[in-house]
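Going by the order they are written in, the chains are A, B, C and D; count residues from 1 in each one.
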Amino acid sequence: MRLNIEVELDYHFPVAADVLLAVEAAPLPDQLLLEDLLTVDGAGPLRPIAGEDGIGRRTWLNAKGPFRARYHAVVDLSRHIAPIEGLAAEPLRDLPAEVVPYLWPSRYCEADRFEAFVERRFAGLSGGAKIIEMAEWIRAKVDYVAGSSDASTTAVDSFVSRQGVCRDYAHLLASFARAAGIPARLVSAYAWRLDPPDFHALVEVWLDGGWRLADATRLAPLEGLVRIAVGRDATDIAFMTIFGEARMERQSVTVTRVGE
Amino acid sequence: MRLNIEVELDYHFPVAADVLLAVEAAPLPDQLLLEDLLTVDGAGPLRPIAGEDGIGRRTWLNAKGPFRARYHAVVDLSRHIAPIEGLAAEPLRDLPAEVVPYLWPSRYCEADRFEAFVERRFAGLSGGAKIIEMAEWIRAKVDYVAGSSDASTTAVDSFVSRQGVCRDYAHLLASFARAAGIPARLVSAYAWRLDPPDFHALVEVWLDGGWRLADATRLAPLEGLVRIAVGRDATDIAFMTIFGEARMERQSVTVTRVGE
Amino acid sequence: MRLNIEVELDYHFPVAADVLLAVEAAPLPDQLLLEDLLTVDGAGPLRPIAGEDGIGRRTWLNAKGPFRARYHAVVDLSRHIAPIEGLAAEPLRDLPAEVVPYLWPSRYCEADRFEAFVERRFAGLSGGAKIIEMAEWIRAKVDYVAGSSDASTTAVDSFVSRQGVCRDYAHLLASFARAAGIPARLVSAYAWRLDPPDFHALVEVWLDGGWRLADATRLAPLEGLVRIAVGRDATDIAFMTIFGEARMERQSVTVTRVGE
Amino acid sequence: MRLNIEVELDYHFPVAADVLLAVEAAPLPDQLLLEDLLTVDGAGPLRPIAGEDGIGRRTWLNAKGPFRARYHAVVDLSRHIAPIEGLAAEPLRDLPAEVVPYLWPSRYCEADRFEAFVERRFAGLSGGAKIIEMAEWIRAKVDYVAGSSDASTTAVDSFVSRQGVCRDYAHLLASFARAAGIPARLVSAYAWRLDPPDFHALVEVWLDGGWRLADATRLAPLEGLVRIAVGRDATDIAFMTIFGEARMERQSVTVTRVGE
C-alpha cells in the first residue's frame, strides 16, 4: 500500500520558544519513504535528532511569531500483519535491556495499580491472546469521546471515567500489558482511513521476541499505519512539544492512498 | 578514594519468580572496579543485561525457595566534583536525543504539575545555581523520616506530605529540574559514610553538556559515591525488582574506605 | 432478635490526646437498647455529643497513658427488611434538605468521577433494582482482602485495585449510588454473624422516601445489624478518631444472639 | 452598610433537568433582608429547602429549554468584624456535634494529607493567629489566576500548582485549619467591591466558640459580605448544581452599596 501524507501546522508564538517536533515518518523496513520533506517557516535552524529508542526522527527548533510547518511524505507499506493471538509472551528473565523499560509504569500508565485487576480479569489467557482480550475489554468498556481527556489524563483516570480518545486507549492497553508482565510501548502514527484524520496513537507489545502492533480503538487498519515515534507514553511521542506558549491557528493531517 | 562494598541479600521465594537485580557497581571512567563479584545461590542461571542508557549492569534470574545473593567490589574513585553553581543549562534545542527523555515527567516525577511553582519559586536563577537552590529548598522543607513513604509515593505526594527518604528527595529534585527545563535522571549508588548504610538514590542533572551529581539529602559526600544504575525514576533503578512474592529475611549494605 | 454486644478497646497514649469515640449503639425505633453501658478508664471526663445527622451518640474524651474502654449492650432488633428491588428513587427536586448532602461526593467517595461508568453500566435500571445491581457488581468485581486498604484509600483507589474491605465496598456503593442521583450514606454497625467479628461498615440509600440498608459485602444479614453512626463516608463514622498518637494493644468486638 | 444585590442567570437546558439553586442571601442576625425576591422562568414549581446546617435557603426546580433566574435583594449589614488574632481554638473535646464534621477532610479539602506540613510550617502559633498566618501563606504562595482550576480541582492540586481562584484559596485554608484541629467550613457569599463581581467563596473557622470569617484572597472586605450558604466544601455551596446538561448563556452578579 502506498500512502501520501500531508501535514500542516500553523501556530503563533508570542515569545520565542523551543519546540520539539516529531512528525516525520520513521524509516523502517516495513515502511519505505519514497518522498519525505519537512519544511518550517518562522523558526531558527532545524536540529534533527533521533527518536526514542533510535526509532524515527525528531527536530528541535526555536519558533517565534507566525509558525508554519509542512510535512510531505510518500510511504510504501509492506507490512504483513500476522495475527498475534498465538504469540507467546517472552519470559521476563529473557527480556533484552532495551525492552525492559517498557515493563515499568510511566507518567500516564500506572501499570502498578492495575495488577490485581489484570490478574483477575485476564486470568487464563497468555501472550497475544491476553493482549487481544485486553484490547477488546477496553473497546467494550470505554467510550471514544472527542475532548473527554487532556494532556494530564492518565490510564487510571480513563479506567474510572470510561471515556477517552486514542491516546487514552493506548495508555490503558499499555498499562494492562505491563501489569501482566508484557512489555508495551506507545506508538504515534499516521493512519489510513482514520476518520476524522489526525495523528493516531496505539501500542506495540513485545511478544515472541518482537514488537507487535495492537490498537484498542480499531479505528484504522494496522496495514495502513505509518509509524512516527515510540516511547513509554504520550510524553515521548507527542508530535509537537512546546516549551512555552503558542496559539494553534490551523492544523491538518491528510493520509490518502495513491496508485502504485 | 578506594571503597570496599559488601552486599548481602537473603530472601525467600515461596514460588518461582523472575527477578531483576541491579546491585553491581557501574564501570565508569571515574569509578574503576578493582574487584567485582556477584554470586547468587537459589536461582537459575544469571543473565546479565546492560543498565538503562547503557550504564552499568543488571542481572535477570529466576529465584525459588531460599535465595542468597552476595556482591563484593573494590572500587577506585577518582571523581573530581566541580561546583555546579556556575554551570549553564543547555538550551533545550541543543539537547541530544539520549538526554531528551529526562525532560519528561515520569511515574514518580510529575514534573508537569510543578511548573508554576518552580517558575515562581526559583525565578531569577538558572543552571547550576537554580539546581542548588532547589536542593536547598527540598532539604529545608522536607523531613527525612524513615518509613514515611513506600513504593507508590510520588513527588507530588512528598511535596504535600513534606516527608520522605532519599528516593523521595531525588524524585522531588528531578521533578523540579525537569519542570524548569533541565534534564534530570535518578541514580542509585553506594554511598560512603551514609548512615545507616543502605542503597542510596540521588540525581544527575544535565548542565553544560554533561551529567552532574546533585543530592538534596546531603547525607553522603558526592566524592564517595559509587553509581550503580540510572533512569527516569525509582522504577528504573530499583536494586531488586521481584515479579512475584518474596519475603526479605536479611539485607545489608556495607561501604568502607580501604587503604590505597 | 436479641443481641449481646461486648467491645473492648485497650490502647496506650504516650501523650495526652483528644479522642472521639463512636461505639455506642444508636437508639432507633428498630433497635431497642435493653442494656447499654460505656465505661472508660484512663481518660478525663466523658463528654457525650450527638452523632452526625442526630443519629446515635459519640463521646469526646482526653486519654493519657493506659486506656481501657468497655462497651456493653443488649439490643432488641425488630427490623423488617423489605426487599428494595421495587423501591423507586425519589426525584431529586423532592429531596429534603437533610438528605441532599448525601448526593455529593466526599473525601472517600469521589462520586463525580464515576458518572459515565455508572450511567453506562447500570443503564436501564432504576431505584432499588439499580442499587442491587451495583452491589452485585461490586461483590463480583472486588476481592475482599484483609489489609488491602488503609485510612487513605478512596473509592477510586478500590475501583482500580479491585481489592478492599467492608469500608471500601461501602465507599464504592455510596459513590455509585450518588453518581446515579441516589443519596447514599455510610453506616457503622455491629453485625451478627460477621466473621471475624469486627466493626462493620455498610450503606443506606434513600429510596421511596426513606433510608434503606444495602451491603455490598453480604457478609452479615441485614436483620442482625445494630447501627452505631451514619455519615458521608468513613471519616464521619470511625469508631475511634484519635487526635494524636496511640498504640493499639488489644481490641475485640463480640456480637452474640441471646435467648429472648 | 446597605447593599443591593442583582443576579441574572440565563441558561438553556436541552433536556429537562433538576437543578438546585443556592443564590438567596441567608437571613442571619448580622445580615437583615429588606428586600428579597427570587424569580425563575422556564422551570416547574420552585421547591425551597433549608441550606446545609440550617443556614440559608436553597431551591429545587426542574428546568427545560430557556431558563431565566433573577434574584434581587437589599441587605442591611451590621457586622462587627472583630480581629481573630487573639481568639483561641476550642479544645477538640469541647466541640459541639454540629461543628465536628468541619474537622474532617472532604472531597476537595484533603486535610489529612497536610498534617505534617501544617504542623511544621505553622508551629508556634495557635488559634486565630495561626489562621491568619495560614491565610497569609496562601496569599503569598498561590497566584490568583482566573480559569486555572475547574470543578475537580482539590486543595492538594492547588497546593502543588500554586494557582487558583477564590474557591481554591478557601479549600486550602479550610484544609490547613482542619489539619491543625480547627474546624473550618466553606461559605458562599456576595461580596461588595469584589472585582470582577461574581459569587465569592471564603471560609469560616471555629474559634472561641463561634464561627469567624476568614478570606485568604483578601479580595473584598469582610464587612461587605452577604453570606448565602455554608458547607464542607464547594459541593455544598455551589450556587447552581445541575443534574444534567445545560448551556450558560449569560450570568451576572452585581453588588452595589446604596444610601441608608
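Note that a residue touches a chain if its C-beta (ideal position, glycine included) is under 8 Å from a C-beta of that chain, and two chains touch if they have at least 3 such contacts.
Predicted model only: the values in this text are computed from it and were never measured.
Chain centres here are Cα means. That of chain A falls 44 Å from that of chain D. Rounded to a whole number, the gap between the C-alpha centres of chain A and chain B is 29 angstrom. Across the assembly, chain C contributes 113 as residues in contact with two or more other chains. The touch graph of the protein chains shown is a ring with every node of degree two. Going by the touch rule set out above, the chain pairs that meet are A-B, A-C, B-D, C-D.
Contacts from chain B toward chain A in the complex involve residues 18-20, 44, 47, 49-52, 54, 58, 60-62, 91-97, 100-101, 104-107, 109-110, 112-113, 151-152, 181, 231-232, 235-236, 243. For chain B in complex with chain D, the touching residues are 113-114, 116-117, 120, 143, 156, 159-163.
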